[in-house]
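The next block holds one structure in the form of structure tokens; read it before the comments.
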Amino acid sequence: MSAALETRSLCKSFGALTVADQINFRLDPGARHALIGPNGAGKTTFVNMLTGRLAPTSGQILIGGDDITALGQAARVKRGLGRTFQINTLFPNVSVVDNVAFAVAERENVAWRMFHPASRYRSVLDESMALLDTLGLAQDARLTVAGLPYGKQRLVEIAIALGLRPRVLLLDEPAAGVPTLESHRILEVLDALPKDIAILIIEHDMDVVFRFAQRITVLTQGTVLVEGTPAEIAANDDVRKVYLGERHA
Amino acid sequence: MQDLLSSLVSVAFHGLAYGMILYVISVGLSVTMGLMGFVNLAHGVFAMAGGYVMLSAMNSMGIPFPLALIAAFIAVALASMVLERLLYSRLYTAGELEQVLFTIGLIFMSVAVARLVYGTLPQPVHLPEYLKGQLHFLGRDFPAYRVFLIVFSVSIVGLLWFGVERTRWGAMVRAAVDFRAMAQSVGINTSRLFTLTFALGSGLAALGGALGAEIIAIQPTYPFEHLVFFLIVVAVGGLGSLRGPFVAALLIGVADTACKYWVPEVGAFFIFIATIVVLLWRPEGLFGKAA
Amino acid sequence: MTHAGGYIADPRIRKIEWLPWVLAVLCYFVAPSYLPLGSYVLTMVIFALSLDLILGYGGIITLGHSAYFGMGAYVAGILAARLTGEPLLGLLAGTLGAGLLGLITGMIILRTRGLALLMLTLAITSVCYEVANKATALTGGADGLGGFTVQPILGLFKFDMFGKTAYLYCLVVLFVCWWLVRRLVYSPFGASLTGVRENNVRMHAVGSPVYQRLVTSYTISAALAGLAGALLTQTTQFVGLKVLGFELSGELMVMLILGGVGRIYGAFVGPLVYLVAQDYLAKQFPEYWYFGIGAMLVLVVMFARGGILGIIDAVIARLRRKSD
């Protein structure tokens, strides 16, 4: 069975600085996989290479067994890759439902149409509203995103990615910056994500990681330190030294 | 053969003079755009103002040439400081469109004022007696004023480069250009730095405009007509860089002079095509930092 | 939200949207001596619509939109002078010529951003200006191209010397353009343009072919500008270098910002207010007018970024709040 997402010997250097060193990574279909590591470990660089924002120096990236290393961002999205951003990357002066509709319209290949009004493409709107409903945002559909509280904006961030119906979803610190009072909502949403999507989550919040992940990869200084189940990672001395601290002993 | 060599030397010489003037005017624009990230299309206004101040001082008030030059530098530098504190600084965080519109508005206003005060004709330039005439060396005659212009500009440029490399102010400018957000957290008073640098850049533009009044005529349409060239120098040279615009200005000065001399039907066409080619190949400019 | 369009917007034409047309028709009957000015206003509205498409909706800042206006103007002029004075053909030729130029230049420059992009738009206009300036045999150079006659539209409507035919001609063309632009704005394509403008990075991340979308809208915008240019040539029976100047680009920007960027009717209000005011004030005090325009631009940027329509919006919002 081919991996949902895979990298082989992925490397990235900026001149003499190596930020990714021979990374071999595998994400199985339906996985709940977390990527952790200290600041500067190269997690965001890794994600940027996966999505195509950054070109690797060498190595391969595969989705569902197909080599996508040479493909651009838009092409990778068409192959089923979706992502959210660590810092909210939304369409601020646009309604919540439109934020999601932009993504749905691209997927349904409707977005290039120039003549008929957008509102006539009911499937786009209906699907967007349904998605918002599953995330508990239906009542905010018509509100402008810029006016929403941060926690809800973070949910919209995820909603847009879900509008792509991805096979592989990369979540970059989905709970980052969300006040603890609102973060349970995000956790509920994460728990309820469709089981057939392979999910890679980058997180610093260890509670989220241990609640959510079935497998964990630890990245330090651009290389994979170790990979395993949450129990294995928690018990690993090297990881503890590098990152976790004594609390999870 | 003698003729060809003669025209080559002539083109190189006049191109050098034009290029130096372009650089002295445009270097301020490069630094402020790199430092404050502000698209100041109105930079040509400061050059024009310098020209007008110097020429008024000389023609109407009989002030001698050296003093008039200094007056141009100081007057425009001071005026630009006021403008920066009152208006420019409010727009540092505004979007590119706002900055473009604002500076276009400034151009309109200054062109109107220039027309009202000085009329539409180019200002007459009366060179001081000791700078008129020809200098004879290398077996050829060179206009004395242009020689002076080149020498003087080179010394200003030298002073500027020394200042940026060796003084504390220069170090702060370089730091702030390279890492704007960091500079503030390291305790550099960025607003004072901006004002000072802006004033210096505008003062230099005024100096360039005044010095080059013989090459680039001082008239109300100045900021519109020559904006393209100042921007080309900065864009092709590289924002925030000192050496880049120097190379670009010399290249443009020589190329423009060469075209006007040998293929006048082509005009500035070649320069624009070259600019397009360079910017497509290296959008950050020849010496700029890649985004 | 000022920008129209999107998936929940009601695309039906609201009653107030008929106001400009009512006013325009009224003007025909009530102010016949102003018809030449009226034709110019209508032409500039089309030009402003084209700029708004790429600037207000696409978010591309350009100083060189007059390149396409000028291209359309010269193509129409040269066609009338050399081949045939058939107006509709001239309009088509101008539109296609400008559109082609827009496609080629757009493909090239939309690979860059920021200062490089701004610079390239300026360089392209400068190149066009130089070409028109030097190719005197074709364009008349600095003297411009005149002395051609434009034939009656559809063979029926002759251009009269009071500008009546010209005015109605412009009005009909504007109506068609408005209708098309409005459809575009409310379409999914228009929505995706909003997305590109609001967050370029996220549009890439949702699989949108951003470059293609921008090149397409840039081409449409250029074609529209060319249409306006051709219209101007035909209604004034002259084309000169001014149509390619940086000053015209600057003036157009002022008109659009005055009306309000990123909303269709800003392109209507801006040119109308600007050109009518200019007609009154500039004749008497040209320098003060120029100064005033500059000052107004500075003030709008500082205090009233949404232009006239933005101010009206704010006032309406205030009144609504008071009545609540």
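Think of it as A, B and C in the order they're written, each chain with its own count starting at 1.
In this section, a residue touches a chain if its C-beta (ideal position, glycine included) is under 8 Å from a C-beta of that chain, and two chains touch if they have at least 3 such contacts.
Only a predicted model underlies this, so the values are computations on that prediction, with no experimental measurement involved.
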If each protein chain is taken as a node and each touching pair as an edge, is the resulting graph a line, ring, star, complete or other? line
Based on mean C-alpha positions, which chain is nearest the centroid of every protein C-alpha shown? C
Would you mind pulling out the distance in Å between where the CA atoms of chain A average out and where those of chain B do? 48
In whole angstrom, the CA-centroid distance of chain B from chain C equals 33
Approximately how many whole Å separate the CA-defined centres of chain A and chain C? 42
What parts of chain A, by residue number, touch at least two of the other chains? none
Multi-chain contacts in chain B, i.e. residues touching at least two other chains, fall at none
Seen from chain C, its contact residues with chain B in the complex are 55, 61, 63, 108-109, 111-116, 118-120, 122-124, 126-127, 130-131, 133-134, 246-247, 250, 253-254, 257, 261, 287-291, 293-298, 300-302, 305
Could you pull out which chain B residues touch chain C in their complex? 33, 39, 87, 90-91, 94, 96-98, 100-102, 104-113, 115-116, 224, 227-228, 231-232, 234-235, 239, 265-269, 272-273, 275-276, 279-280, 283-284, 291
So in the complex, which bits of chain C are touching chain A? 1, 3, 5-11, 183-184, 186-192, 194-195, 198-199, 201-210, 213
Contact set on chain A toward chain C in their complex: 51, 53, 73-78, 82-83, 85, 89-95, 97-98, 101-103, 105-107, 110-121, 124-125, 128, 141-142, 144, 160, 163-164
